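There are two complexes below, and they share chain A, which is joined by chain B in the first and by chain C in the second.
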Partner chain A sequence: MTMSGFRERPSRVTIAALATGVLALAVAPWVLNEFLLSLALTCLMYAGLAVSWAMFSGATNYLSLATAAFFGIGAYVTALGYESLTYPVSVFLGGLAASAFAAIVGVAILHLRGAYFAVLTFGLGELVRHAITFVEKKYSGTVGRVLTETPEAATVYLTVLVVALAAVAVCVAVRSSRFGLALAGIGADEQRAQTLGVNTRLVKIGGFALSAFFAGALGAAMAVRWTYIDPPAVFNPFIGFQTVLIAMVGGAQTVAGPLVASIVFSLLTELLRLQFPYLFLIILGTLLILLVLYLPGGIASLWTRKRAGKRDG
Partner chain B sequence: MGFWLELAASGLITGGIYAVVAMGLNLQYGLMRIMNISHGEFLMVGAYLTWWAQTILQVNPLVFLPVVALMLFVLGLLVYRLCFRPIARTAANAEVVEARSLLVAFGLMFIVQNLAYLVWGADLRGYTFLSDSVEIGGARFGANRLLVFGFALAASLALLAALKFTLFGKAVRAMMQSPTGAQLVGIDTAVLHPAVFGAGIALAGVAGALLSMVYEISPSMGEPYTVTALIVITLGGLGSAGGCLAGGLLLGLVEAFGMHFTSPSLKMLLSYGVFILVLLARPRGLFAR
Partner chain C sequence: MSLSLRWKALAVALLVAAGANAFAQDAPVRIGYAIARTGPWATGAQVSQEPNYIMWADQVNAAGGLNVKGKKRKVELVGYDDRSETETVVRTYEKLMTSDKVDLILPPWGTGANFAVLPLITKHGYPMLAPTATGRKLLQLKSPYFFALLQQPDVMMDALAEYLAARSTKTVAFIHVDELFGLEQASALEASLKEKKIQIVAKKSYPMGVKDLQPVLNEMKSLNPDAFVSLSYPPDTFLVTGQSKAIAFNPKVFYAAVGTAFPVYRDKMGAMVEGVMGLGTWNPKSSPAAKAYFDAHVAKFKKEPDRWASAHAWAGLQILQQAVEKAGVDRKAVRDYIAANEFDTVIGKIRFKGGENISTPGVVSQWQSGEFEVVWPPQRSTSASLYPKPAFK
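Our next item is the complex of A and B:
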């Protein structure tokens, strides 16, 4: 990724295409049948998760596996506030709660790099999950909660769409801002960024918390899809893994890459998982290995490489 | 008195297994920066192979132990050749190796675990082996557990000795200290890397074979051991085999006593708690100088 890539202005064609796409997505609940709508919902959820993950981890090279933790915290905010809060408010609060959690945790762990950071963030999800299970067992006697009246499918879909679009918009805005350049600078060489006057600590905490907001909001929005919420379901590590895989397979340094990959993955998941659960994961694993070995820049390198070639020639 | 001895022993027995698993992972990560998240899956494969040998061929699991080690060593060579050598060859620096190997290992984890589901099914499997109890100092232990602990300790000590006293071990330690320096004095990466990776996988297989003598096995048994192994490596320090042994035993003890004083459902919470405390207070490991 060259530096000029960050400041590129989208052409009119791109804007028109984007507007059409958003419009098409917005009318989906009235056009698609139930199965396709739920498929679209999965796509949107992973798109939002992967793009917001890439905003922090793709830029800084801090491999965070905490998505499952943020997602679960958001979902639990919905579960806890279900009777007193309206749906949009609990989505927003879910994002804020995840953000606050990320900021607090970030203060403690963002000085660690590499595998330590990855393992510790993975542990966070498990830690929160076990802690909630323990507290629920101890104080309410039961684990999990039942949501009785859930919003309509169209409401859920549109809410997730708004959150996912916000994630994309914020990610695009961040990439062309000073803040985004600081994040990318940390990814390229943290010490150099520090020497050049970037407050790396603050920038990292801010980026981590910002990306956690969307994961939390998506968790809060998706929580109503399960009528029964319990820790193993919402702190599912698979959600975290899938997010990281989508972002990296798509190309974590780009915005479009994770978007494309989230569609491919969601389709693959929905089409194959129910019929061939084991075979599906074997195929997924093989695909992942092949992509990492032979297309290390992700799917996005298919078109960024071409564009770079054009510019040079 | 007998009760405390039993508690400590059960902690040490689990700890011994942790140490063997963690040493295997530490070889891979410490030497090649391969973040092998699928390490625990090879433990599961070792356990199933032993179970097969025991139930189909009626082979004594202890006799089968070296066979498991050899089979997994070869499997490790194959996995290294197919998945990790291309990364090591093309990656620009250690950080890239780490990130890419982590992803590839995720893929491996999916493949191995689900192949196991296809081949062996999702049921819990097991066999009884030397399950009579032995009394020592007023405390009762399963004979198989003591045996498992003995073998785990022996495997760990053998690895430590091999690293310390053989030329090959010296080469490995040199490579860990300075990859470039080691290559300058003529240590051949093309031989050392696959061999060490294979040895790491073999250790996981041995741990799995030992576990199958005591516990029931399932295709999803490996994952928690991967996480525990990562915790133990952090406790013991990267690349330090001795630290791994001490860290593994320590974590086993912490878990055993912690669960006794709180509740068994807090087991993972306890390990993560220890992990986070160590990372915050001593990020280079408990025994770092």
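Our next item is the complex of A and C:
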């Protein structure tokens, strides 16, 4: 990829459009019915997950499947702490816990590349799931936790909105920073980046931990919707796969790509699920294959290609 | 009578007739649910639950519709795939209740999904009769709209302990899966056995998704217990059975919890299942009603219903049907009617107390020549138990 993506500055029109969009999202709880609100919630959740995933994995080309692990850790922080902490505090702590976990395992596994890294990060979800099961059984005599007195739907929605917006803002800020350039440099050629004086080890651990924060916070925020929390439900590998898929389909080297893809993908999945109950996976699979075949750069290549074309002409 | 009066009478009669006609072709009763058609929950959901919904709606419609306080209305099922995902379960029931505004709902599959729906049914006032959710923790949430049809773990384990005591069993070894249901059953079994003064010689647990239990089973075998109990889930139930046969572990009682009641267990494991016991409630020999249900199910789907939760699912539909006949589709009235009355169902009389089915006793069933016979308690038995269990074939 070219470096031009990193130097783009949003125009005034873009900023105005963004502000309007955020405002529209913020008033949603008072406009939409319960179902549409939770559909919007799902879009926001995947937006936050995909954008924060792309921030690290898209830039560095380290394909992480650990999203499910981070998400689950966050959810479990809520399960354990919700009664004593307040909701915003558990969301924040959920993010911190996931971040700390990512930093610790990052030290151990971030020297691996390619398939080794992907498989190992996938294993993290299983590892944490079994660890929590073991500890819970040993010390609390049960594995599932019941949450009562959960916050209102609007509160959950606005919290997830804030986390998702923070993920986007941080991602944009990172991309135009030295840190972001270092991440991209690692993605382009790690050896070269190292030779040029980038502390690749530290940068990778920092990026991994930062992106984990958002997955953890989103897990913590969403968990209150499920009443009953147990390891198989919250360490759902599907969430991790879906996140990677969305980011890839959108264009993992951009911010807008995963953002657009999370909305398109969530709405499309829901539409197909509701309208074609027995065929939706087949249709979805076919669409994905077509997309990968004809749009290998992701949805984002639709506008980056156009822009590049304009510049050339 | 003057002419004008006669005309008026005729007009009124016509109006009444038109009204009655309108009622006869009243809008259908819309009944919504989300259930797993894809993902890991689909196996259980598509054996024990959704086929019953479809068969019930078809039967009711074939008979002219659902009797709603004396008026026949067709049933229209609004069913969605929940993809075995809790968040999707929640979102779909929100859609059913607030967007589709269905008249009534049917439950999703499994304890976790039922937990997730509980706040919604309480908030929006939808009664829910759950055939595949069990656990005291669910009942402790005290939703007035929730009714659990399955026997609770302690009830089932009491029945097993009673059976073992009746056979003068001295020693039991057991394993359980580390999951809500496994743990709740394990502690219930321990309490029941203690009460019957039966010695527990070994107790081990294993994680969900285990792929090999042979070392544990070897250890159990070396202790030579009278009875072996595996409080397991379907994949592990198959695993435990196969591996016990492989090491020729042949205790006098061999009990495996969830999945033994599935016809696929018998079909896949073959002669090996002879004498294996497990969680069940009924079989076609239990009653003429059970036979009729079994035959209709086989005729429609070319596959047998399972001998535990399937009939509970059917019973839940029967209860809903009877409640709607008396209380209409006013959901609060339906709830109150279900909470206050006793119902005739395919598994016998059912009455609820605090949302718990307090009428269906704990049952022990055993595979004997291709049928999952009820062998305990005596008043529900369809056959005497095979004791000691014949060695694995």
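Going forward, the second predicted complex is superposed on the first by the 307 of 313 C-alpha atoms of A that agree within 3 Å, B and C clash if a C-alpha of one lies under 4 Å from a C-alpha of the other, contacts with A are read in each partner's own complex, and residues count from 1 in each chain.
The rule we apply is simple: a residue touches a chain if its C-beta (ideal position, glycine included) is under 8 Å from a C-beta of that chain, and two chains touch if they have at least 3 such contacts.
Model, not experiment: these values are computed from the prediction.
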Does the superposition put A:Gly21 against chain B (first), chain C (second), both, or neither?
neither
If we overlay the two complexes on their shared chain A, which of chain B and chain C does A:Leu274 touch? Say first, second, both or neither.
second
Let me test your reading of the model: by the given contact rule, A:Thr227 touches which partner, first (chain B), second (chain C), both or neither?
second
Classify the contacts of A:Ile109 with the two partner chains as first (chain B alone), second (chain C alone), both, or neither.
first
Looking at the overlay, what does A:Leu284 touch: chain B (first), chain C (second), both, or neither?
first
State whether A:Thr142 touches chain B only (first), chain C only (second), both chains, or neither.
second
First (chain B), second (chain C), both or neither touched by A:Leu39
second
Quick check on the output: what are the common chain A residues between the chain B footprint and the chain C footprint?
130, 133-134, 137, 277-278, 281
Could you list, by residue number, the parts of chain A that touch chain C in their complex?
33-36, 38-39, 42, 130, 133-134, 137, 141-144, 146, 148, 150, 222, 225-228, 230-233, 236, 238, 273-274, 277-278, 280-281
Footprint of chain A on chain B - complex, ascending:
29, 35, 83, 86-87, 90, 95, 98-100, 102-104, 106-111, 113-115, 117-118, 227, 230-231, 234, 263, 265-266, 268-269, 272-273, 275-276, 279-280, 283
Would you tell me which residues of chain C are touching chain A in their complex?
37-39, 79-81, 83, 85-88, 90-91, 94-95, 97-99, 111-112, 115-116, 118-119, 137, 140-141, 178-180, 183, 187, 205, 207-208
Taking the complex as given, what residues does chain A use to touch chain B?
61, 63, 108-109, 112-116, 118-120, 122-123, 126-127, 130-131, 133-134, 137, 241, 244-245, 248, 277-279, 281-282, 284-289, 292-293, 296
